[in-house]
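Should a chain be cited, it is by its letter among A, B, C, D and E, assigned in written order, with residues numbered from 1 in that chain.
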Amino acid sequence: MTQLLVIGLTLLWLIGSSWVSDAQAVADREKLLSDPGIYGTFAVFALDEEWGKQEPSVRIARLAALKGVVEQHREHVAIDLYLLRGLSDQADLLFRIHAVELRDTQEFLLDLSSSQFGKHLKTAGMMHGLTKKPNYAPGFPEQIKADLKTVSEPGEKPYAIVIPIQKSAEWWGLGQEKRAAMMQEHTEATLPYLKTVKRKLYHSSGLDDLDFITYFETSKLEDFHSLVLSLENVKEFQYTRQFGNPTLLGTVQSLDEIIETLAQ
Amino acid sequence: MTQLLVIGLTLLWLIGSSWVSDAQAVADREKLLSDPGIYGTFAVFALDEEWGKQEPSVRIARLAALKGVVEQHREHVAIDLYLLRGLSDQADLLFRIHAVELRDTQEFLLDLSSSQFGKHLKTAGMMHGLTKKPNYAPGFPEQIKADLKTVSEPGEKPYAIVIPIQKSAEWWGLGQEKRAAMMQEHTEATLPYLKTVKRKLYHSSGLDDLDFITYFETSKLEDFHSLVLSLENVKEFQYTRQFGNPTLLGTVQSLDEIIETLAQ
Amino acid sequence: MTQLLVIGLTLLWLIGSSWVSDAQAVADREKLLSDPGIYGTFAVFALDEEWGKQEPSVRIARLAALKGVVEQHREHVAIDLYLLRGLSDQADLLFRIHAVELRDTQEFLLDLSSSQFGKHLKTAGMMHGLTKKPNYAPGFPEQIKADLKTVSEPGEKPYAIVIPIQKSAEWWGLGQEKRAAMMQEHTEATLPYLKTVKRKLYHSSGLDDLDFITYFETSKLEDFHSLVLSLENVKEFQYTRQFGNPTLLGTVQSLDEIIETLAQ
Amino acid sequence: MTQLLVIGLTLLWLIGSSWVSDAQAVADREKLLSDPGIYGTFAVFALDEEWGKQEPSVRIARLAALKGVVEQHREHVAIDLYLLRGLSDQADLLFRIHAVELRDTQEFLLDLSSSQFGKHLKTAGMMHGLTKKPNYAPGFPEQIKADLKTVSEPGEKPYAIVIPIQKSAEWWGLGQEKRAAMMQEHTEATLPYLKTVKRKLYHSSGLDDLDFITYFETSKLEDFHSLVLSLENVKEFQYTRQFGNPTLLGTVQSLDEIIETLAQ
Amino acid sequence: MTQLLVIGLTLLWLIGSSWVSDAQAVADREKLLSDPGIYGTFAVFALDEEWGKQEPSVRIARLAALKGVVEQHREHVAIDLYLLRGLSDQADLLFRIHAVELRDTQEFLLDLSSSQFGKHLKTAGMMHGLTKKPNYAPGFPEQIKADLKTVSEPGEKPYAIVIPIQKSAEWWGLGQEKRAAMMQEHTEATLPYLKTVKRKLYHSSGLDDLDFITYFETSKLEDFHSLVLSLENVKEFQYTRQFGNPTLLGTVQSLDEIIETLAQ
């Protein structure tokens, strides 16, 4: 009982404490999350079979190592965490990392993997993409451009979905003009969902075996489902070779929430 | 011998006991199983190699943990259990979970996986779908609409089959009218089996790598086989990219029956 | 030396002994193997890495458990055994089980997996099919119908081959008449091999991810190879999406022969 | 030091010794390697993780078991060995076995797997094919027939390559005449390489999930590469569904060379 | 503390020391990296789960074994190392090996795998290709030939990308002339990136399940991404069956840098 109390207090202290000044980190984070020319990495991990067999005190010590590594690298890279366990197959955690250089991301992941916590992680997937200025939007009618400025409703968006996409070779052979026309239809289909489904696009060609990584946040999964149905109905969808496979569905979590969940 | 007796009595007590009031749970369960806008999750698990090597008394203690987690969450989510072992490859158990929010399902599965029983579970698959009002039925001829009201024969339906489905991009490109015509033919093919094969449909697009999850219950597997053959013969089947893969075949079991089987 | 003698004698006794009356079992077995409306299950297993490391006496004790489970269920289900080890990849044993209800098959496989022997088995595949009266044969010319009555030559047929088959969606869309014409050509191609290659067909649609399971026995593998070549040359083969994958090749073995081989 | 000396001497003795008379075996071997109607099996194995952790003396004892099993079966089957480790993914050893009956091959592989050495082997692949008289060559022009009699240059051919092949359903539907014309073009493309690349063909349809196994030996890998390029350029290649996957590349080794390499 | 100091000093000494004369090795290395008729092997490895659990002193001893094997073979083969961990899924290290004979590469990899370090390596992939004089360039217009002589900018190129490629059967059936025209368009698309993206091509047909291995080095990943996008837009891309799968992305590292990273 006393031991459990000590563990509980340690966990509370662990969740509360923070090793770096947050002000600077937050400023950089905003730029990393909104600028073009930033590399986004989706690192998917499964916890090994040993994790569940550890004593609570051991688990908390290892989660402190996770916290340490994340805090230490937050000065250079923006790190978001998602809990996949209970919603996706065979993966438990997703790290989304934004960095100016992929080497910075690699350094974070190397430190993570050599940490006491990292020894329990098995890499289940790794995707990289680049943020870029919109390709086709500049040529869209003014009304669509205006509609695209719709800001998503404030409030928490607890669900995150990642859908990797590869276009067919035929798509790339269509030429810019035909692709732009289809992308306009695609964009129109998304307009009704701008308020409740937040989106972000990463360009992947050459960085991994994808063309795009699409990232979504929502509090209304049914709206997200309707959005995907709408996208399946437009002509551009015929030129999609891979859509998902895997689709990653998880919940957005703070580092402290993840620690609390995994400590159990 | 005395030890076996103790274990047997513990098992009997375990199967008999129940920690929550059933009345409220049952009421919610009816709504969760019949309303549109409900999320259905199919969580497929394999028992690890350690399970078979545990002492009976240890196994029963862990099955008590399973019972505890299921009973605790039954207030918020509807949980059905199926035994796949002996009928499907490499998976042993299927949980079908209905919830108003997928977060509630995630919480149940997180508690399950961190329980003493969950440490023996390896996730073999995870599928999510949404229940919706019929898409095409409102436009069908009156006779079909009337036929569709056929209630399945009472009595136990021991077999359950889950078939995940992904339509081709071509299907989505056909337009609503052509799809409705084909779905009418599809529906007509199912009418002769309404009495002996119970069906339920979940819409998945965007929630995982499927478009639909089809769920069946029957006591006459031969009728179910004939139903599938009929569906393979209609035009709509040409637009199916994935049908099964995996097809999950199991037997419907109560929590107590599962516990009894796994205790052996 | 004395220990080896004891083990040898135990093995001899194990192979000789039998716990159930054989007469009734054999009678049922004939019906299960020839009637339509019977479910055939092909359960494929690999032995785990621990098996080879067990002491001979331990192995024999576990093989006694195998014998016990098989004998106990032979009253309800017909069980055939095949040795795949040394001829197929990554699987060692094949059980072919015929039953009136798949629940009976599940019960046998559950008892097998919870037995001391079953703890060493990893499921590598599971296929189910239904025996049915011939679909197309009633419309064939009289000569073919007569030829089809050819009985296969007596004598042992040591090799067994299982080829799972899935037809293309196009096949099902052809309509019954066109399919019947092609099946006649298919059947004619098989006539020269009726004497040396024994065949049995199972219908799978909906029970797993197949349409058919084809089962063959022969003492002349070269004839079987020529038969498959002939079938590849007929038009119906163009409508086959999956042929094999896996093809299972093994030798027909009695329970005692299997026990003797695995005891080594 | 003394222990190492003992191990070294044991290894030398092991490599030198031979338990069966070679004369008869060699005679049979010639027939098995040149006659039609012979079954060729390609059994691919990976060494388990335990192998590298064994003491040298233990490894040598187990390699003696390998030698024993191979020598014992060489009277009935022709056994060739290849070292894949360092050239192919995830497989270390390839056994090519020629036998009059696949049962003899199975018996060898059963004895191998139950030997002290076999406990370290994991089956990574198993392919079977039948040697047959040439299908199309009898109808070729006399010049090609004459050219085909070119004997490959004497001298060691250290590299061996195995390429499994499956033809498309379309190929089999072409009819014998069209296939023969294309095979003539295919054969002409191979003529420049007859001197430096030795070839052998096995027919697989029905025995596994292939139509052919093609086996090559060469001392000039660049010539072999050019030969494959030439074959990719002929029309018949358009009708190939599987070419490789896996392509196995290794070095031809005597049993003693394999033992010496694996003893380290 | 003292122990850590000793380990640190050992690591420093390990990184500094070198067992062979570098001058000769470097000379051969230049030829191996620029001549046609050289075999390039890409050997991809994952570290096993034991690696992370070793004491630092044990790890350093095993990394000394790695250094020893690499230094010993550098006289015969050119060895480049890349760190994939943190950027690619499920693989940690990539060795690129150039040799006059693949047997020399095999000997290096055999020594590596039987070393104390190699016991921790699991082979995740193995690709072989041959360097050849340009196929199509001799027929290109003079301007392109001149442009192709552009030397890449000096300075470190920290990122390396390996993309395996398989062309469709249709590509090989086009004939040399049509292929040359398309390859000219392909080449033109690459010209703007010659300064910032270094490229090297390996011909694989027959040596593994690929036609080409393309290797890239760059300090500007965004330029590399744009290059791949340009290549996806030319007609030749329509004849590509496999592009990546896997795409390997890593950082170029010296042996000492790898040792330093893995020692942590």
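Here is the rule we go by: a residue touches a chain if its C-beta (ideal position, glycine included) is under 8 Å from a C-beta of that chain, and two chains touch if they have at least 3 such contacts.
Treat the numbers as computed from the prediction; the structure is a model and nothing was measured.
Residue numbering shows that chain B and chain C use the same positions for less than half of their mutual interface.
Between chain C and chain D the centroid-to-centroid distance comes to 30 Å (mean Cα coordinates, whole Å).
For this pair, chain C with chain E, the centres built from the Cα atoms lie 48 Å apart.
Residue positions of chain A touching 2 or more other chains: none.
Because contacts link each chain to exactly two others and close back on themselves, their graph is best described as a ring. A single ring links the chains, and its order as traced from chain A towards chain B is A, B, C, D, E. Only residues 49, 52-53, 83, 85-90, 158-159, 161, 163, 221-222, 224-225, 227-229, 232-233, 235, 237-238, 240, 244-247, 249, 251, 261, 264 of chain D touch chain E when the two sit together in their complex. Residue ranges on chain C touching chain B, taken from their complex, read 37, 39, 48, 102-103, 105-110, 113-114, 118-119, 123-126, 128, 130, 169-170, 172-173, 203, 205-209, 211.
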